[in-house]
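Just so it is clear, A, B, C and D label the chains in written order, and each chain counts residues from 1 on its own.
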Amino acid sequence: MLGSYRVRTDLALEARERFTEEHVEVRGVEVCEDYNEEKDIRTTVVKICTENGAKAMGRPQGNYITIEAPHLSIPDEDYHREVSEEVAHHLRQLVDLKNEKSILVVGLGNQAITADSLGPHVVENLKMTRHIIREYGLKGLGEEHMHRTSGIIPGVMAQTGMETSEIVEGIVSETKPDVVIAIDALAARSVKRLNRTIQITDTGIHPGSGVGNHRNGLTEENLQVKVIGIGVPTVVDAATIVHDSMAHLLDTLDEAEQKEFLEEMISPHLHSMFVTPKDVDETVKYLSFTISEGLNLAFSRVDEG
Amino acid sequence: MLGSYRVRTDLALEARERFTEEHVEVRGVEVCEDYNEEKDIRTTVVKICTENGAKAMGRPQGNYITIEAPHLSIPDEDYHREVSEEVAHHLRQLVDLKNEKSILVVGLGNQAITADSLGPHVVENLKMTRHIIREYGLKGLGEEHMHRTSGIIPGVMAQTGMETSEIVEGIVSETKPDVVIAIDALAARSVKRLNRTIQITDTGIHPGSGVGNHRNGLTEENLQVKVIGIGVPTVVDAATIVHDSMAHLLDTLDEAEQKEFLEEMISPHLHSMFVTPKDVDETVKYLSFTISEGLNLAFSRVDEG
Amino acid sequence: MLGSYRVRTDLALEARERFTEEHVEVRGVEVCEDYNEEKDIRTTVVKICTENGAKAMGRPQGNYITIEAPHLSIPDEDYHREVSEEVAHHLRQLVDLKNEKSILVVGLGNQAITADSLGPHVVENLKMTRHIIREYGLKGLGEEHMHRTSGIIPGVMAQTGMETSEIVEGIVSETKPDVVIAIDALAARSVKRLNRTIQITDTGIHPGSGVGNHRNGLTEENLQVKVIGIGVPTVVDAATIVHDSMAHLLDTLDEAEQKEFLEEMISPHLHSMFVTPKDVDETVKYLSFTISEGLNLAFSRVDEG
Amino acid sequence: MLGSYRVRTDLALEARERFTEEHVEVRGVEVCEDYNEEKDIRTTVVKICTENGAKAMGRPQGNYITIEAPHLSIPDEDYHREVSEEVAHHLRQLVDLKNEKSILVVGLGNQAITADSLGPHVVENLKMTRHIIREYGLKGLGEEHMHRTSGIIPGVMAQTGMETSEIVEGIVSETKPDVVIAIDALAARSVKRLNRTIQITDTGIHPGSGVGNHRNGLTEENLQVKVIGIGVPTVVDAATIVHDSMAHLLDTLDEAEQKEFLEEMISPHLHSMFVTPKDVDETVKYLSFTISEGLNLAFSRVDEG
């Protein structure tokens, strides 16, 4: 909105909240919230069911699960375990794990930029089994049924000279997984969500999202297999901070006045800047560990039909 | 400065600008600016000469040299060389290098936080000679006269359980250098200075400055040897961004109203956040290399009297 | 040879030397050596021309260029530049760069094991142009003709659950490069070659070679495009050291006696060990920089027909 | 000891074994071995009680505890916990922890060389309390009695231009700890001990020991406080491997013949090489974590008198 000062968010929850603030009900969008007081974990499922809902929300039809866990950036093993289990639970809802599946996990983002290194870290922590099963069969792992996991850290375009989607499409057509899980660091609108929110969606990863602003998306449409996107907001665009701080000042202006006001106000230097907590280096490590544990849990056993 | 929303800057240049904006001349403060158009490097020397000037500027008496080099975050070797030479030139003005000196370089900050890792990186890139001269004499290095350089990366209090000043005082009293050079990442007020400004001062490092907010300072008073501080702003406090964007709105309010207004406006979540450019990981590497080259140049020869 | 104590080497030069020591001329193998005294760089071209030669040498028909540069592990920029140029020169002999080519560079090996991280480091240092040309055309780079470079760090099987060859095949069939350059850390037979020898071959990468013992190879046969392999020996198997030290003792024994003798002598603990110089972490950085500069030089211009 | 081919070991246990092999009893040396079969941890205490014993063993009088834990390089959390407890148990024997003590942990070695980075990693994992107690008192930590822990990673001479002992002496005289714990990576004689043996001694760290060959030692004599040394062998000198493989061949020769034989046999290139397991990067991480947990356990409570 607001011309070039469109407030950017990769979180469906934040897109939804905009409407809540404005006391608008959105047709074609179902919201279901659950708060586990004991564990202090809040889970919101936003289901965009119609074309109309998709248009209103500015994102494709599908399920968007948001896990809000305020202590996610603190090194508390028991709490992180709870969150890993919550992640595993929702993955099992979105992916049919009743039969043995082959799962490719893609760690998006740039390892050399701390705030963008979540995806690569998650893949580093994952237990891969596909090569062991191919070599020794299930007996090699002492199991009767098992999912085959594989993973790739494709790098970003400036590092590889290739679109991430080209790399992933090539690997998918060669190794033929049943489902792709793509992990990415996201941009949020509000600093209060940074590093404490996990979004899981069955709509994949869409163009222009993520900290590093990937050009192409990873979706069922271009990969021809189901794509689950898992994201954590690790940054807020610096301009957004200024915008939001001035939000109620702006309420009294019409759209043209708002635009003029903000153009004057927001320094052009701000536009390549982002806001991040001081301890982002450490936090990204915890978070990626928690998510990879969630994946390890989800894929460690074949659900019984 | 607006109660608890005091705008924080570690740069004397920015403190000075405040007065310029307000068209006030500050007694006891001399300013001398030089712009090399060909090289596109601007150097400002702020000299605080009196107690009165120190009070007005909010920092101790002494010399504050600011080198503004807009292309400092771009990998252009020739440009970085020019900046290294500018750094070396000013170091030779502040430190008497006519006789052989023993120089201890201290890399302040937290290596595990990218924006705070400038000091450690500078020390990593430095050529150390003290141990070679002690072992083999100057002949070992094929020189007649030479400065002895040594360096330490003391870590931060949460990592060591000790004040940085305790560690440095201990090493200084044991190894007795003639001068200490302390390198630190700083907080600026304006995003336009991030990673393109180098401040050199003969007043040392003062309590509460730096990205990591060190508790104690490193000054001639507590170390009993001359202390040169070299800093580069790598972050802006997130709250400052909001404050500055609203600056001219605030002009119409009195101080109490301003305070009330800002307290409402600035989210408490913002206070552990900072603003940093997306490529800070890479930029800090270039910058630390340029500064360590400046030190290597300055200390590579004994100036002839 | 010697049963399970077969001395392992990934260098054609060392395979050739075995015959030299034994004063045997090998049919179907041509050797051409050139020593540049001024630069202190020795280049040996081993050309395996027949099936017979391939059998005798234990490696496929093709060209094997070995650059021996004794100062390669020392940080001397001028010397490294000479070696980069030598690498570029031989690449231009093996790959037809007269027309614009699309080149995919593959950095084999495990980034988490220093001695195996050469390939990944080379790709990190490369200038990628493919995505820029695709987006802006050649004008975007201010050139009339230009090669398109891209690169991938595929990881190793334990990290990805996939054969490296599956990943590379997928990317090759998606992005259709004209040539693949695969970089790998090798095992040598002799410690005196460690980190000072570069082997370039047009036969690709073969199964079971490399520090990490990749299972499948990367060859023209399985990728359907030309594959150049570039390798640097960074380790020697620990058992080889013992074997070679005892070589002339063994000369007096027949093969069965040798086998028995060695089985007794070489501790089973040795077999997961390798020998590496103490400064391998630093050396691998220099080496990878020199090789990536060689590639950057080779691909920076389109040779005129 | 074969002239210049003196077999080097930093482990008292290995020095002792030499005598065992030669069926010699050493006067002034007491040995006490304990094997916990269930846990598969063997602990040997070598006590050098007299000047004569010290001479025979080639190391100073004092206690040398060696914990041999074969699974130490495998990621088994329960097993590592057992080893951490064993480390804590022996530390409590060597250091009087009945009253509140101030403990400085020194992480020796070079972070940039994997095999030498054990000490720095241990300090990184330690819980520091000294600064919290100084700032808030014991109530700040919710305890009645507590030890004050601090730690330093001094770097190596080539990085700092200073002897490690100068840095540590300075910090000790400034912060006055009651005891210094110095952690170091060691060289072993036998590959079978690599990364599975922990040596704890109350004689400190002696000149010329360690992977990086520190020049000066850290002992009670030069620091004026008790010094505990904790070491793990992470490398074997490459020449030692060859020597030991040929040991029984050598038995038939007299000392002069042995020397001549070995001088011929051992390549001069071997002397800057070491033998290390392929997974040393990962193993050093596990090990350092286990040792730091041992220290955390030992210092987490004040023993009741």
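Just so it is clear, a contact is a pair of C-beta atoms (placed from the backbone, for glycine too) under 8 Å apart; a residue touches a chain by one contact, two chains touch by 3 or more.
Quick caveat: nothing in here was measured; it's all calculated off a predicted structure.
Colleague: Would you kindly tell me how far, in whole Å, the mean C-alpha position of subunit D lies from that of subunit B?
Modeller: Those two chain centres are 39 Å apart.
Colleague: As a quick test, compute the distance in whole Å between the mean CA positions of subunit A and subunit D.
Modeller: The computed centroid separation for subunit A versus subunit D comes out at 45 Å.
Colleague: Out of subunit D, which residues touch more than one other chain, so two or more?
Modeller: In subunit D, no residue touches two or more other chains.
Colleague: Is the way these chains touch best called a line, a ring, a star, complete, or other?
Modeller: ring
Colleague: What chain-chain pairs meet the touch criterion?
Modeller: Applying the touch criterion to every chain pair yields A-B, A-C, B-D, C-D.
Colleague: What residues of subunit A sit close enough to touch subunit C in their complex?
Modeller: Against subunit C, subunit A makes touches at 123-124, 128-132, 148-155, 157-163, 166-167, 169-175.
Colleague: Where on subunit A is subunit B touching in the complex?
Modeller: 112-115, 190-192, 194, 211, 238, 241-242, 244-246, 249, 265-267, 269-270, 272-282
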